[in-house]
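The following pair of complexes shares a single chain, subunit A, combined with subunit B in the former and subunit C in the latter.
On to the complex of A and B.
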């Protein structure tokens, strides 16, 4: 219902501004560029294509005089392949908007190409906060999450809950370092204390010695500043050591629901994490996620899928309002119109390209509390949009005056 | 590589007479014509990517085809040069040709260091030693402050060639890359057919005999290794300018594996084989990108078919059928 209301609202807006209806149908081509074969295929992959298709259908593009074609490709998490596809899409295939782009290096590379060619990229899967910071671009919109929000979200929320002393297990590469730095700063700022930290080689297999160190540090929370396979292995081994049963809290800084699905609740129970979206939050998310799962072999959407849906929807609205697909006009509309969709609620696209919305602190349920597959999270607290994202003046983005 | 070398490596072409020389001239002219036509047939950036990988495979083939040394660490030179080139162009503000030159020299130097230690061993030990060094380079690229960790060096400017000719146009850049490729390729051809190349062949066929004839075998091998590393660096540096980025993909061990695959599919020890192999592998990755995980499956199937059905590679088989050297 909310959706139709917005659509009506924007249509009226478009009518009032007098731009839209006189013109020929607008032909749009959207490219979903993500990992379709590697480690991020589950959390982005084909699901993101489905999400984009659903956005086009829910928006009713056909009835509004728009023809929208969606293409997709596998960048194999390699920035050079990603940039090659992006160039080719824009130069020879006439793609107007590139979506998703997981893996920070690929996202940065594509953002650079898109800026050079003056098209638009809306990132959902890529995480680096540099996209809206030192490497920001007038052609980039960053949805769903970023490393700053994750590094801050979980620590701040947990310290507020009284979990004050922290120990970090950090992947020894730039991503891990950045995450730990942001998270430590957040812990200290919220009045917590850092008991210690240990770096593990990337990628790692055996985390027992780090976990034992973390256990004996006596810290209330063990923060995992790693991702993907490293994070999964750490959580598995932590459950074998009985760390959460021993009273310590395990907090993953970058965890997606597909990873919890892979871990199973037995191993993952009690894990604290921050995410932008969970399918079972309200009627809007449930309704959408059910439709999504029907088309995605029964698998529930990740926050990345939700982000692709929401960003596509916002883009289509902006095109409609602008009455053209011309980049400057559409970007201006996207930044001046508040975002509103059933999945992320209300928010805005800031001048630096960051889309803001509430974030949530979740706790993974114990097997006994779960009603079945994908019933994994219980919501602990809401991180309001105002606190969830890096303040505009701290990103070092040149677009912020 | 002991035993009968023709089993492991197909007959390496050597220009013996004027007839051979003439058919090579024709083939080179044909290649040059193809290079000129290519950007009008396919997307220029894709064409440049093929050329960069083709040059990389040519460099790799120079080493294995002429010394029988299977390096499993060539990504170190390819990616190392990409990083140096990207850094030189972006941070030091060098023009692209100087940046690529810096990258090439850096990887030749790296080749000298790694080569000096690894050519003391042969066969699987040599492969493992080079792999170990390449992993060190990978680790360095992951950790060193100037490489940008897993984000790599992004937004490398293409700049102006010799400070005057803007390379931001894809077609202009393509022809620069084509010239670099052709120069590197002809250099390899020249090396293969020089007195040095003949000595290398003698060493590969029978090392003790070459030693007994008074050749300093290790010096020859080292020089070949450095040449191969330098040309791989030339390819990597060019790629960094084309894609405007240097990333961990370029130094990862998968890249070392990919170049072996390209060379084997095209035809190890043939002159044109690596080019064909690179063209096939890069095309697969590019045109099957929308098929997702099928890319790796198809690559694997092709590799298996190649190894089982025509071990001397595509060009090798054609050369045998036509009874000419290619």
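On to the complex of A and C.
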């Protein structure tokens, strides 16, 4: 098995002269399990490992009597590989917490194993809202985003602004269908109308045909229910065909800043998107992101990286408060203590495992308005935490009484 | 206004034109593959990766050396073609006497290595490459707004296809080449340097892939995976056209682009499968492909 393993000892306890141990140090092992070579490597990958390390350092684990070791592995976006690594980590390597896990199918598979072994998983990269819905687990915390929040966020906010008629370009697989279904429902619920949709094979290469169909539908907004390379190519070709210049708005349902970076502002300008985090929001995010970029080859963090940082921090606080790493105690602390960190602000971990915080509607800047590299987003509106997430009683989670 | 199967003709023309543009890429890529297979009997699985490298070379020329699109259109194929020549001399030339499978495995491995290296260096999301200033904008064709760059793609692809076909079928050099594939020993005995011709042919085929890569750079995201997305379709095009048939590759490339374009209108979900359905039918009826000569 190809298993890249970077082992980092983040803290070694130093003996303070004359001080005796009050208690045995808590030794923690965190495993960052994500895509290190495939389509999600930029938005998760090594950046998530750096984020977890930064959380351990910022928390000051060493001073608080904890030793924390971080391991990482490439699950190649395959649920079977992800399951094997998770199993091995827990059974033979003594991993206490698994982090990140992009790709919904891999996230669901890992959540299942973690539940069986009674450890903890904190998802940031994986998107499916089933993680805190029908497939929820007492051992799962879901940070950053989910398909419900994304499908709901951009459509609701845009319809409120008067962008009422929509056309969807949808990737023809489970993820695309789910996103389109949620987004269509949100458009209709907010009083908008669906002019049509087209499903494209996944992965696609040329999207001009679908863009032309969207253009001739006369819809005000073209919703992109696809992701990664498909989304990038759709946006690039939309700019080529002058879709946005023609007055239509492009709304990406799943867009990360690394993808906007790859597109360049010339092609991406005007794109509307919902995300949980942007580096240039306030002093806290700027300070953290600057430190992150210094360790990540100058690349700014994605919301997934930020989510790994915030979830690791929350976990460490809970361990400290519980005084042990025992799963039930730590999960209970995580759910009863409000979340508070410089990246997502205040929030909570709900009983179904959903970590809630505000979400934001962003618009990609025109090249002339950008002051330099990574100055990409302009904040259009805040989606308050109360509206951003699926109401507790609608997820079908068995933990909700 | 009349309608065809519920689609207004204006929309249909637009879609056909877009199909033709995609067909232009299929044609140039499958042409390179057909040349390499026809002359060297090598199934060049690295073709998609070489196409990707072509696009990246154009990107690097622009971002590191400030060399724009037009020079890149010539420089990138030469650079990548030269790289192909090195590969041929070092590795492929040792495999001609063996089964096709060895060449296929070698080039497949090469493709994986190239993609891995570029992914490591540039990340998976890729880089952006703008449309050259002289080709920006759109023209109003009445039934659609056609980006000028897309029109240029068709023109460039047609020129390259025609030139390659003429070179191989109508010139003295081409006749040496064709003779050398039929009977290398005899042609060598006449004083023609056959290994050199073969090496140059592989370099030429690879250069075609790189040329398509530069053409694609302003339209598609320049990313390490851009070739592997396309290569399977291009192989289907070559199989339908008849392995090794130059004319077959060109005609099939354009034709399949058109058919795919129509599928995207009438039943978009099947757009990527359609080509393989056609491939299966063609192989049932004409196992050597539409233009294949060999029995």
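Note that in this section the second predicted complex is superposed on the first by the 378 of 401 C-alpha atoms of A that agree within 3 Å, B and C clash if a C-alpha of one lies under 4 Å from a C-alpha of the other, contacts with A are read in each partner's own complex, and residues count from 1 in each chain.
FYI, a contact is a pair of C-beta atoms (placed from the backbone, for glycine too) under 8 Å apart; a residue touches a chain by one contact, two chains touch by 3 or more.
Just so it is clear, the model here is predicted, and its values are computed rather than measured.
Engineer: A:240 in the overlay: touching subunit B, subunit C, both, or neither? Say first, second, both or neither.
Structural biologist: After superposition on chain A, A:240 lies in contact with subunit C alone.
Engineer: If we overlay the two complexes on their shared chain A, which of subunit B and subunit C does A:84 touch? Say first, second, both or neither.
Structural biologist: A:84 contacts subunit B only, not subunit C.
Engineer: So, A:36: does it touch subunit B (first), subunit C (second), both, or neither?
Structural biologist: A:36 contacts subunit B only, not subunit C.
Engineer: Check the residue A:361 against both partner chains and state whether it touches subunit B (first), subunit C (second), both, or neither.
Structural biologist: neither
Engineer: Now for A:209: first (subunit B), second (subunit C), both, or neither, which partner does it touch?
Structural biologist: second
Engineer: Counting only touches as set out at the top, which of subunit B and subunit C does A:131 meet: first, second, both, neither?
Structural biologist: Neither subunit B nor subunit C is touched by A:131.
Engineer: So, does A:75 touch the first partner subunit B, the second partner subunit C, both, or neither?
Structural biologist: So A:75 only meets subunit B here.
Engineer: Should A:219 be classified as contacting the first partner (subunit B), the second (subunit C), both, or neither?
Structural biologist: It touches nothing on subunit B or subunit C.
Engineer: For subunit A, which residues lie in the overlap of the subunit B contacts and the subunit C contacts?
Structural biologist: Overlap of subunit B and subunit C footprints on subunit A: residues 37, 41, 172.
Engineer: Touching residues of subunit C toward subunit A in the complex: what are they?
Structural biologist: My answer: residues 11, 14-15, 18-19, 21-22, 116, 119, 123-128, 130-131, 138, 144-145, 147, 149-150, 218-221, 223, 225-226, 229-230, 261, 264-265, 268-273.
Engineer: If you look only at subunit B, which of its residues touch subunit A in the complex?
Structural biologist: Interface residues on the subunit B side: 43, 45-46, 49, 142-143, 148-152, 154-155, 170, 239, 243-245, 247-250, 285-286, 289-296.
Engineer: Give every residue of subunit A touching subunit B within the complex, in rising order.
Structural biologist: 36-37, 41, 45-46, 71-76, 78-81, 83-85, 87-88, 91-92, 104-105, 108-109, 112, 128, 130, 135, 172-175, 177, 202
Engineer: What does subunit A use to touch subunit C in their complex?
Structural biologist: 37-43, 172, 198-201, 203-206, 208-210, 212-213, 216, 228-229, 232-233, 236-237, 240-242, 258-259, 261-264, 266-267
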